[in-house]
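In what follows, chain A forms one complex with chain B and a second complex with chain C.
Right after this comes the complex of A and B.
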């Protein structure tokens, strides 16, 4: 993943090193990494080795993959980026939560938007029971309390079938 | 911001509920309102999460006799627009004193009854919406008399 070749090729491209919480280092062009606001601010403060204590190697590898692809974005490859995004969000919920937490920490707005929309799309129209089960949310309402909460917004629970599937 | 992301890996953990608030709010903001509201039934922790994303809110009451405004209306911290059309209704409003509508910029009230409850409500809005830029009240001549007087007193 580390791309160390281009630093010697030209003096123009400034390189930065990102260090994951597992201690792995990734060398990248500054122009790719500054999509991430947190890192951008550190670069402005003069850092070139950036330790990311909250991001493990697996997650950082995915995030670098995203940043590299999105750094290539032009007017003509919109479709390609769209397909990349579609593939990118295909992991398990656990992987997505890991990524969304990292994207939030790193302030990569585009990636945040992509992940939040994808998580929302996957729970859209699911039944309450299914959402609880998918995410292991334990229901701490008593039956009476739950009834009351449902009653507050009856319309939201009525009409139409809800998706009971657990994928 | 410190996120300890490596401690939540046990398979049965409720990971979504332990995500930082700003992430959850963003996810809920991507859901249709109906789905976002239904999350209030998931667990107590979720009962009001969906509210954080409401920025505009519109109510229209027609011929309802005894209606209470939902108390969480006043928990919409980011609410900036509040158009209320209250027609043919005797309104008994639940006003949770102490909650602020601090980001409310515009209020549009169509009050037909000009009773005490409505006057109280107006007073409440005027006193707690500190960022208010515009208020529009449509009502009878009698009310405009009382309403204008009250608004002048509160200036």
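Right after this comes the complex of A and C.
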């Protein structure tokens, strides 16, 4: 579709094309896409085809889903958006890291906050061992060193049971 | 590995650019090399995939306790978790009782000042936080209107001595506030007679009301001593040093309740200064303190102390911070020169004379509650307790 940049003044909805790193193109209304600061600036500079080299098709699809939903945000559907957000962050950590990097690159602040909160929630109260498992981190301390580091901040390890589960 | 390299570099470069006028660039490169030594073999696991800023953002959401716990995960996590900017954030965003200890935001905001030579470990706000989580803090007294240079020196002092001495935490509190606490008050006006100047500081619930305005009069202890010195020279009284003059000021001088009446009295009195002998003074005894009220006696164009206090009270009244106006009617004197006998009574009399009855009613001027050590006692009080409520 060849909508030109001047068409917005004629009342037609201005369309933009986003291109993922895999080469897939997505056509969206400008009003939806400008939630993303990076694209907004490119639109202001007159671009209508926007290549996103750092975002693959899978991630871009998710992000478009998010932007579409949030473009509908009004006073009355707060609850609906909330439920959408809750569903949106259900996924593997792998996907979430992919998303958070993309959201950071695209400067979608709302999505950034949502994802950071979600990742934090999932680390919260986890045992150190569980965190290592989940994020594929190898422990490079010797047992003595680990004991020493634990001692340095004893206060942080006090109180309560920590969650050992890996979800 | 390259991602981690980039992260470290970002962190180091933002750190050094945030205080660009310091001479830290050479040091931060050393520090950078040290980091690289061990980080080359390390990985943050899946977190390698996200920028450091986001990692820090997630830690901020996790909160101090969880973040500190995560330093045990692996070496590179410990390095990231120990980031001073993160802990400054935690220290500044307390919602519990620590608020009431007026944490030294101005000092903390500027962050670690510069990297010290290797012998001195870098200041870790993380350990400050940890220690502060367990024990009440120690206190540093900051002079009321100290200029930037003095603040710089204070910071250096904090670095070079206190943290080496394992002081658990440092809290910079306005000296005037401490003097008020020593008088067991949390609201009132503190008249702090400093070395160079006198400040009149309105304080409500332990916070300096900068919006009301702090009055500063350019007369301090130095001027008083200088004036007495001049008077003694005029009378050809010989003295060894300015310390002698100061000793005489501290022991013979006072403030007259009625200056004119005092002039006609016989006010001769003597004092023995060790290794200098006896000195006898007369009208200089009360003229010295009088320059606080009548600066022109000393040839200065400045506002009298009573005028400044009355002005401050008017500002307090106009600010309408409280439904009840009585908070500013307690005036507490602070500073060595405030110990001059008769000063509190005279100030009370003069201020009441300047203000309309509705405002002057109930004004009380208290002498320094603990003499020259008032601020110290105030500091001791908040060193041990949380101050949440007006007693």
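The rule we apply is simple: the second predicted complex is superposed on the first by the 156 of 167 C-alpha atoms of A that agree within 3 Å, B and C clash if a C-alpha of one lies under 4 Å from a C-alpha of the other, contacts with A are read in each partner's own complex, and residues count from 1 in each chain.
In this section, contacts are C-beta pairs under 8 Å (C-beta built on N, C-alpha and C of every residue); 3 or more make two chains touch, one makes a residue touch a chain.
Predicted model, so just to flag it, every value in this text is computed and none were measured.
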Margin query: Under the superposition described at the top, does placing chain B and chain C together on chain A give a clash or a fit?
Written below: clash
Check: After lining up the shared chain so the two structures overlap, which partner does A:21 touch, if you call chain B first and chain C second: first, second, both or neither?
Finding: first
Notebook entry, point to check: Given the touch rule stated above, what does A:34 touch, chain B (first), chain C (second), both, or neither?
Noted result: neither
Next item on the list: Kindly classify A:55 by the partners it touches after superposition: chain B alone (first), chain C alone (second), both, or neither?
Entry: first
Check: Is A:102 contacted by the first partner chain B, the second partner chain C, both or neither?
Finding: first
Next item on the list: Scan A:130 for contacts with chain B and chain C and give back first, second, both or neither.
Entry: neither
Notebook entry, point to check: Should A:120 be classified as contacting the first partner (chain B), the second (chain C), both, or neither?
Noted result: both
Item checked: Per-residue touch tally on chain A - higher for chain B or for chain C -> B
Note to self: By the touch definition at the top of the document, which applies to A:71: first (chain B), second (chain C), both, or neither?
What the structure shows: neither
Next item on the list: Quick one: classify A:43 as touching chain B (first), chain C (second), both or neither.
Entry: neither
Next item on the list: In the overlay, answer first, second, both or neither for which of chain B and chain C A:146 touches.
Entry: both
Notebook entry, point to check: What stretch of chain C clashes with chain B when the complexes are fitted on chain A: 26-34, 62-70 or 350-358?
Noted result: 62-70
Next item on the list: Determine where on chain A the residues touched by chain B overlap those touched by chain C, and list them.
Entry: 93-94, 97-98, 100-101, 104, 112, 116-117, 119-120, 123-125, 128, 131-132, 135-141, 146, 149-150, 152-153, 155-157
Item checked: Complex contact set, residues of chain B against chain A -> 1-6, 8-9, 12-17, 19-20, 22-23, 26-32, 34-35, 37-47, 70
Next item on the list: Note which residues of chain A are touching chain C in the complex, please.
Entry: 93-94, 97-98, 100-101, 104, 112, 116-117, 119-120, 123-125, 128, 131-132, 134-141, 146, 149-150, 152-153, 155-157
Next item on the list: Write out the stretch or stretches of chain C touching chain A in their complex.
Entry: 41-47, 49-51, 53-54, 57-59, 61-62, 64-78, 126-127, 130, 133-134
Next item on the list: In the complex, go through chain A and note every residue touching chain B.
Entry: 21, 54-56, 59, 93-94, 97-98, 100-102, 104-105, 112, 116-117, 119-121, 123-126, 128, 131-132, 135-141, 145-146, 149-150, 152-153, 155-157
